[in-house]
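Structure first, commentary second.
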Amino acid sequence: MSNIIIELKNVSKTFTGGNNVVDNISLKIKKGEFVTLLGPSGCGKTTTLRMIAGFELPTSGDIFLNGKSIINTPPHLRPVNTVFQKYALFPNYNVFDNIAFGLKIKSKRTLTEKKAELKKTSGELRESVKSQIAEFKTGSKQEIIKKVKLALKMVGLSDYEKRDVNSLSGGQQQRVAIARALVNEPEVLLLDEPLGALDLKLRKEMQLELKEMHKKLGITFIYVTHDQEEALTMSDTIVVMKDGVIQQVGTPTDTYNEPINAFVANFIGESNIFDGVMLEDKSVRFDNTVFECTDIGFKKNEKVDVVIRPEDIYLMDVANSNAHVRGKIISSIFKGVHYEMSVLSENKCEYLVQDTTRWDVGEEVGIFVKPFDIHIMKKPYTSNIFEGVIEEDGKVNFGGGIFDADTSGFAAGENVWVKVSLNAVDVIDDKDRGTTGGEVTTILFKGTHYHIDIKCGNFIYHVNTDVQWDDYDQVGIVIKPESIKLFKGAEK
Amino acid sequence: MKFKMKRSYLAMPYAVYLTLLVFVPMLFIVYYAFISDKTGGFTFSNIIRALSSSESIGTFFYSILYGALTTVICFVIGYPVAYILSQKKFKMNKIIVVLFIIPMWVNFLIRTLALKSIFYSMGITLGKGTALFGMVYDFLPFMILPIYTTLLKVDKNLIEASEDLGADPRTVLFKTILPLSVPGIISGALMVFMPSISTYAITDTLSGGKFQLLGSLINRSYFNNMGFSSALAIVMLLLIFLSMLISYRFTDKEELKGGGLW
Amino acid sequence: MVTPNDIVVKKKTSSGLDFYKKRKLARYIGNSYVYIILGIIYLPIILIIIYSFSSGPGFSNFSFSMSNITELFTASTSDSRRMITALEHTLFVGIISSLLATLLGTVGAIGIFGMRKKSRNILLNASNVPIFNADIIIALSLMLFFTALSIPKNAQTVILAHTAVTMPYVMLSVLPRLKQMNMSVYEAALDLGATPLFAIAKIIVPEVLPGMISGFVLAFTLSIDDFVIAEYTRSNSYETLSTYIYTQAAGKEGLSGALKPLSALIFLTVLAILIAYNIRKNLKTKNLQLKK
């Protein structure tokens, strides 16, 4: 048998209203693995978990457990158990009955089956089945008590059996929820942001305990969180998601050290992300400076994202000839172990630096980065491309709005490709005054400017802007007619 | 502290009005229950008659039986309605809930008379059955609405947790949803049971005078025997108090305040 | 040979395959059930509307005629004149008593909210008495009370009675609003030199206004729907719509002549008000969303 326990194959979920929450994801999870689905809110991680549990049906695609499709198996027959975000303890039962809930159902089901068997059997065999049933009845009761006590002991809540669940603290309730799921000995334990409602100290404690439990029990954990630190601490494998799409799958170390794109780099740990140009193999230019790096295989003059971790930037005396660029410290904060400083370079590019040596605000410094600390990433996109249609002369419909554009050479009703450069999209703070409008979803600081994504219905605009917007800001989008480039060849 | 004292004075008119027009009048019932209609002197005969005459004992029996029957039928019909309406998947639910409330704005006697017209045109003779139908018809929304509001408040995660732990739909219903909706069921049962034992307009109109519940007996006796009527009212008061007491044991007090209906 | 384990596995797959389909079917059946119950509830009301266009009483033998409708608007017979007067009385009693109840209930709620816990609970429990008490007990007690004090029974006695019964409902719909509200605002007003009364009028009342309105509507509904209390506290000549209808109840055909179109009119008015209210509410929320 293969060691893959859960497999998702091209799974998509579209909610009514056309909102595409999970978009064609495929994922294999190994037996005994601690997998974390990580991403910002609305990235589809919880929906993915709920599809594995059976609470949501995928719109398309298939889910396999031990190689068998479970897409048609209702949640109560799937050998997986869930720990819910807000505990979801039954308020009408005490701690014992909450934990025993699943076991009691299972024992009752077996009992009904045995009774059905009794009806079918006749003659001498009857007596033996009868005694089997009687034996099972007493046996299962003892068994349930034993298992519940064991589960309570595991979560450190022995002697809490008779307690009313409402009288427990948040941390205790979460422990009961974990015990209630684990007591059923599921093949896979699903955890939906289980520690989200706890305070920081308790959360750290529970993280270690969960990790410990995972080691001891050896069952597969699928863990959903938006907290990258939590993911890095606990997981064997991290699955980073964004907008319903898996960005990267890897170990915590790999994900941190080798982020696959600027989004992952920004989401996991802190990063400096710059727009750069690959001059040739092992040579990249950003901040108007040529840096040596280790990456090869890019096209000449290809636009790339350059990622440097703050702890990989070295500050040195401004006169040091090894410095790549020079700048001035604009902020310096002590963070316990290190100082976190911002340096504004001569070319007005901002670097975030972590260093154990302190530099004061206003001091001139030199910046040095080792070649292998410069991570080059392909840009997932270099401009906005939409499918559009010419509405009438001078008007083109795309990306959720009707824009003024130069349509000469195109006929009304013709389908076109629309290309808008990242710098050509103007963002205004009144959603209704834009040609179209939406919500700010992703924000990356790129040293000199911000890169943001704006979600307008089902369309996503990628924008470079100097203004600092916040997540969930409702903004309008305006594009100058001359910045809208139309191309023939769109189908349909 | 000073303004707080002053603010609480504002409850005075309310408290005085409540005392004068609710509690003092009820003392009159107690008073008349111990006064002989004939002699005007003190007597226990009204109370004794209310508790022991075959007429009143029979009526108690019928009241409790038919009150319980109305409540149970309303529950059996109303619970599924409330449950389905509380499901998110049912798109029109908000509008439907309003549709269940609208008839309550039409005078209940109009609805009762309309039922009588229907029974007449269908050739159905009036009796216990038609009276029961009328009570169920009039009081059904009182059962549906509190259960609906309770079910709406039930955390959907609990239902999923129950499924997750292996409960099939039947088990989810009996082990999770039903126990969690007990507060709504209790207040719904109260709101149906109490008016159904005390109403006389519906039973008198729809039974063709063939049977009477406690309310009818009080109403009929009041014309010729005020003392007996008052004594019966005291018994009914005790009955109401008793059912409230039972319901309080089952639910949070908060749930009952204001009927949980509106 | 079939072992119990095999049975388990078989059962799992077979019931599993249909589970989501079955659930869909169950939902479909459930929805139809709701519509059927709704249909039964509305049947009498729909018949009332249809038979408003038929002559004679009740729902038998439909023969198209506008006579009942004409009768409603011309009130040519003494009976329909009685009905119209009763309707006027109902509206009069309803409006006056619910205004009184709103005033007493709101001021009472503000007072109760400012009380210490113990006295507050006493008053809250006392308020439950008229809510849970049977109509007939309240009616009987008030009748005995008015008779004993020789207060002449007329419109005023009905109004006094209805106010007593509906006032707690107003109080209970205002109280949650007060609980939600941030009392520091009120205290800030006092701190800035406002008198308590001024602060209540300018700070608290606007906050609890929605509760007052729904309390008023509820009180009005209870008043116009009431039969028993009005029956016991009115004078013989002062009829409300309910008591008038009850005098017609003895007729074997149920709803008589002009009462049908009147009932239809009442239903349609309620419906129109609700639709208008909901449209306004929807527009408001839509505007709010747009603004956001």
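A, B and C label the chains in the order they appear, each numbered from 1.
What we mean here is this: a residue touches a chain if its C-beta (ideal position, glycine included) is under 8 Å from a C-beta of that chain, and two chains touch if they have at least 3 such contacts.
Computed from a predicted structure; not experimentally measured.
Student: Averaging each chain's C-alpha atoms to get its centre, pick out the one most distant from chain B.
Tutor: Most remote chain from chain B, centroid-wise, comes out as A.
Student: Tell me which of B-C and A-B has more C-beta pairs in contact.
Tutor: B-C is joined by more C-beta pairs in contact.
Student: If you average the CA atoms of chain A and of chain C, how far apart do the two points sit, in angstrom?
Tutor: Roughly 50 Å separates the two chain centres.
Student: In whole angstrom, what separates the CA-based centres of chain B and chain C?
Tutor: Using C-alpha averages as centres, the distance is 15 Å.
Student: Once you find the CA centre of chain A and the CA centre of chain B, what distance in Å lies between them?
Tutor: 53
Student: Got the chain C residues that touch at least 2 other chains?
Tutor: Each of 23 in chain C touches at least two other chains.
Student: For chain A, jot down the residues that touch at least 2 other chains.
Tutor: 74, 77, in rising order.
Student: Please output the residues of chain A touching chain C within their complex, sorted ascending.
Tutor: It comes out as residues 57, 72-74, 77, 110, 113-114, 116-117, 432, 474.
Student: Looking at the complex, which residues from chain C come into contact with chain A?
Tutor: 4, 7-8, 11-12, 15-17, 19-20, 23, 290, 292
Student: Name, in rising order, each residue of chain A that touches chain B in their complex.
Tutor: 53-55, 74-77, 80-82, 84-86, 88-92, 101-102, 105-106, 109, 180-181, 184
Student: Using the touch definition up top, name the residues of chain B that touch chain A in the complex.
Tutor: 155, 157-158, 160-168, 171-172, 175-176, 179-180, 182
Student: Provide the residue numbers of chain B that touch chain C in the complex, in ascending order.
Tutor: 3-4, 6-15, 17-18, 21-26, 28-29, 31-32, 77, 80-81, 83-85, 87, 89-90, 96, 98-100, 102-121, 137, 140, 169, 190, 194-195, 197-201, 204-205, 215, 218-219, 222, 226, 229-230, 233, 236-237, 240, 244, 256-259, 262
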